[in-house]
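Order of writing sets the chain letters: A, B, C and D. Residues in each chain are counted from 1.
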Amino acid sequence: MEVDGTGELASAAEELAIASRILADQRVFDAAGHVSMRHPGNAGRFLMSRSLAPALVTAADVMEFTLESRACDAAGRTPFIERYLHGEIYRKRPDVMGIAHGHSPAVLPFGLTPTPMRAMFHNAAFLAAGVPVFDIRATFGATDIVISSPERGGAVADTLGDKSVVLLRAHGFIAVGPSLQAAVFRAVFTNVSARVQIQAAALQGPVAALDVEEGSLADAVNLATVGRSWDLWKRRVTTTGAA
Amino acid sequence: MEVDGTGELASAAEELAIASRILADQRVFDAAGHVSMRHPGNAGRFLMSRSLAPALVTAADVMEFTLESRACDAAGRTPFIERYLHGEIYRKRPDVMGIAHGHSPAVLPFGLTPTPMRAMFHNAAFLAAGVPVFDIRATFGATDIVISSPERGGAVADTLGDKSVVLLRAHGFIAVGPSLQAAVFRAVFTNVSARVQIQAAALQGPVAALDVEEGSLADAVNLATVGRSWDLWKRRVTTTGAA
Amino acid sequence: MEVDGTGELASAAEELAIASRILADQRVFDAAGHVSMRHPGNAGRFLMSRSLAPALVTAADVMEFTLESRACDAAGRTPFIERYLHGEIYRKRPDVMGIAHGHSPAVLPFGLTPTPMRAMFHNAAFLAAGVPVFDIRATFGATDIVISSPERGGAVADTLGDKSVVLLRAHGFIAVGPSLQAAVFRAVFTNVSARVQIQAAALQGPVAALDVEEGSLADAVNLATVGRSWDLWKRRVTTTGAA
Amino acid sequence: MEVDGTGELASAAEELAIASRILADQRVFDAAGHVSMRHPGNAGRFLMSRSLAPALVTAADVMEFTLESRACDAAGRTPFIERYLHGEIYRKRPDVMGIAHGHSPAVLPFGLTPTPMRAMFHNAAFLAAGVPVFDIRATFGATDIVISSPERGGAVADTLGDKSVVLLRAHGFIAVGPSLQAAVFRAVFTNVSARVQIQAAALQGPVAALDVEEGSLADAVNLATVGRSWDLWKRRVTTTGAA
């Protein structure tokens, strides 16, 4: 992608880099993890950083990809191997505008055990519709776990279906949203809700999580107010608070 | 509220802003959460920040509200939707001078499970009198969880009764106190005691929490010494330590 | 205490202030907690900070007390109410040269449940001899929990007996040692070992903690090498690393 | 070791010092812990810091040892007592180029209980081949736990066998790798995987960890991409990011 310093595309690349640094700062990402957004002017393209630790991403690292996950102009930069999970989800889910994928330790247990992930509070309302688990072994046998092909990416997208989050067994999770900010918000609160659910499991008795209807109502509030969280998180990862 | 830089009201606004930043710094609040205080010169009013991430609140963000939760002089500022929980508690509890509401992950499990929250140590003595749980679904059916009306706020206040803390199912908690500093102290140690209780649940056998009489005696000590904690916490969120 | 800037006593006050700040920095202390040492030149006296958040203590805050826990020269400074637990332990345990008392959340569960605290690894070897629990209610009935008299302090010292750590039900813990540095080391690793034991309790089966003989042998190594930990911790709380 | 400021050996000492500081920064090491590497030009030697808190190690602290764990040129520096575990592993495992040993609280429970440590996700793939436990008591009876002799080091190396990690009961763990960077990576993700497994144990049902074949395939990816993590971690512990 050519970042000419002006216009919608440059602004999108800047926001995407901020999203990457936010997810590292909020400890959803560690030395790995990647976030993407659909191209603001071309629904058949998406933007994603080159392969780089997410805390270090700047706008200059942002590349443009087709929905086949091919770099439009690599310019010598190495893309993430797992770009296919992004491309295949954008292809199958026209409503999705942002995608985040990480390996948060708090979320991993729910991809490893039969316990379904549920929405522990209103900020995690998007989980109330259900959280499917993708076990790569079921379709592809013993693998290196990496979503390194269109086929693997497509299988992940199929498992995600119309939901907001999919867990990858022994790997991590993917959160999607109707905007980049919403995808980041959902990645953060998937992580928080997982921590709460593990702690609740240590106590006695059933867990009165949000039901589907509550989840739907509460998620609308989240989407309307996501900017307040974004602004705070952004301040922490930009020098001026207005980058 | 007009902050003229002098007098009791300006001082109160400054303390309230510090309280907000303390609760963010102590990780009781995240990007959300709000704290209020009764107006120092008018028991029929309360002070509360405009809608803003709690870590960012300064005295200039503090607004004045009637007990009907109407802004006295909004001056273009947007109030928190959930101001009604503050107003209704101030109306029904003349002894309450400060209120804090947050979504701490450690506290959430106790609003979701049948396990009663108890006082794990002297600093959490105010919990020994009992910690009721408000389930919005019981009165209002499926909702967006938000305490966005006088009716919802009133129901929360009714569930709180004469206690110091009420849990909101799948939402968070509210701590109240006979001073702003006491409300902040109780919010902090509600959070700490919750962490201890979850850890104690992982061990064998009954938990010898504070009983009601011990709680009452120990809370008197807390209230008399709350200034030591406040002073330390305040230093961390003010530039000079004397703001 | 008069700190004249030279000599053994001034040096001791400086080390004691560093110990207080180390225990805050290592998160054994929060806004509360206190540490003391026996007077280096008079076994019938001990040194302890005035009542102050432990992160803020400097040498000028250090006061001198008799073993009856009376200030020798208060000079307008307010002592900690709980100085009696220090005085009574120094009186009954001539081998003890340093004492630390805090409310670490990880340790509290072991004072609340029947699960005995055990030594999870060599750095916590001093726990292998056994960790008694003091329940103030057993002797004094319903109280405010505070160790605010010679009688209460004496009862704590009796429960401690010849051990290195005593837990106070619904209150906290006390670690003692043959030097100030050893007491600090034991307070830190009581906290770490407690965290490990809670995590081990989440797994299946028995816990192969250090036995008494292993604990005795390993503690000798700890005492011989405590300076390495102390030097690192001290660097974090002093400006020059050589204060 | 003489560091002459140029050449392969000076570069190795610099990398080893960075590895030590990384493991402290990533909280795998606390005030203790040590990491070593095989001599880049002499397979019969290894490099390891003098006895020092790992956060403080610089290239000048690096010493050279024979595989009998004798210092080649101590130059007044005190070696770690536990150098024998390094020497004996290098002697018995020619494929091992780096070794890290620490006491992470999250890992300790797996050396204390019968629960086998398993690979919770792809970054911990090296655990899938199995994680043996060394109980010093089984061979040497009651000891001070320290690996302070060739005999003890040899017994540890025997228990490690051809695996990547060995747990030491009531002591800590050792991670080895085909490069210094791989050993550091494995130490970090042994710690993360342990945290995940403890959390998974709090949930219901079996844990679908990586199987042996998946682990083997995924570990190859880790080894090929370890540089990305290393570069990020290194930036945090070097002033310029290029030291």
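As a convention for this text, a contact is a pair of C-beta atoms (placed from the backbone, for glycine too) under 8 Å apart; a residue touches a chain by one contact, two chains touch by 3 or more.
These numbers were taken from a predicted model, which means no experiment stands behind them.
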Hey, what chains does chain B share as contacts with chain C? none
Could you say what rotation angle superposes chain A on its sequence twin chain B, using C-alpha positions and rounding to the nearest 5°? 90
Starting from the Cα centroid of chain C, hunt down the chain whose centroid lies farthest away. A
For chain C versus chain D, what separation do you get between their C-alpha means, in angstrom? 32
Give, as an integer number of Å, the spacing between the C-alpha centres of chain C and chain A. 46
Pull out every residue in chain B that's touching 2 or more other chains. 202
Category of the chain touch graph - line, ring, star, complete, other: ring
Which chains touch which? A-B, A-D, B-C, C-D
Under the stated contact criterion, what part of chain B meets chain C in this complex? 119-123, 125, 192, 195-196, 199-200, 202-211, 213-214, 217-218, 220-221, 228-229, 231-233, 235
Quick one: in the complex, what on chain D touches chain C? 30-32, 51-53, 55-56, 103, 105-106, 108-110, 112-115, 135, 137, 142-146, 169-172, 198, 201-202
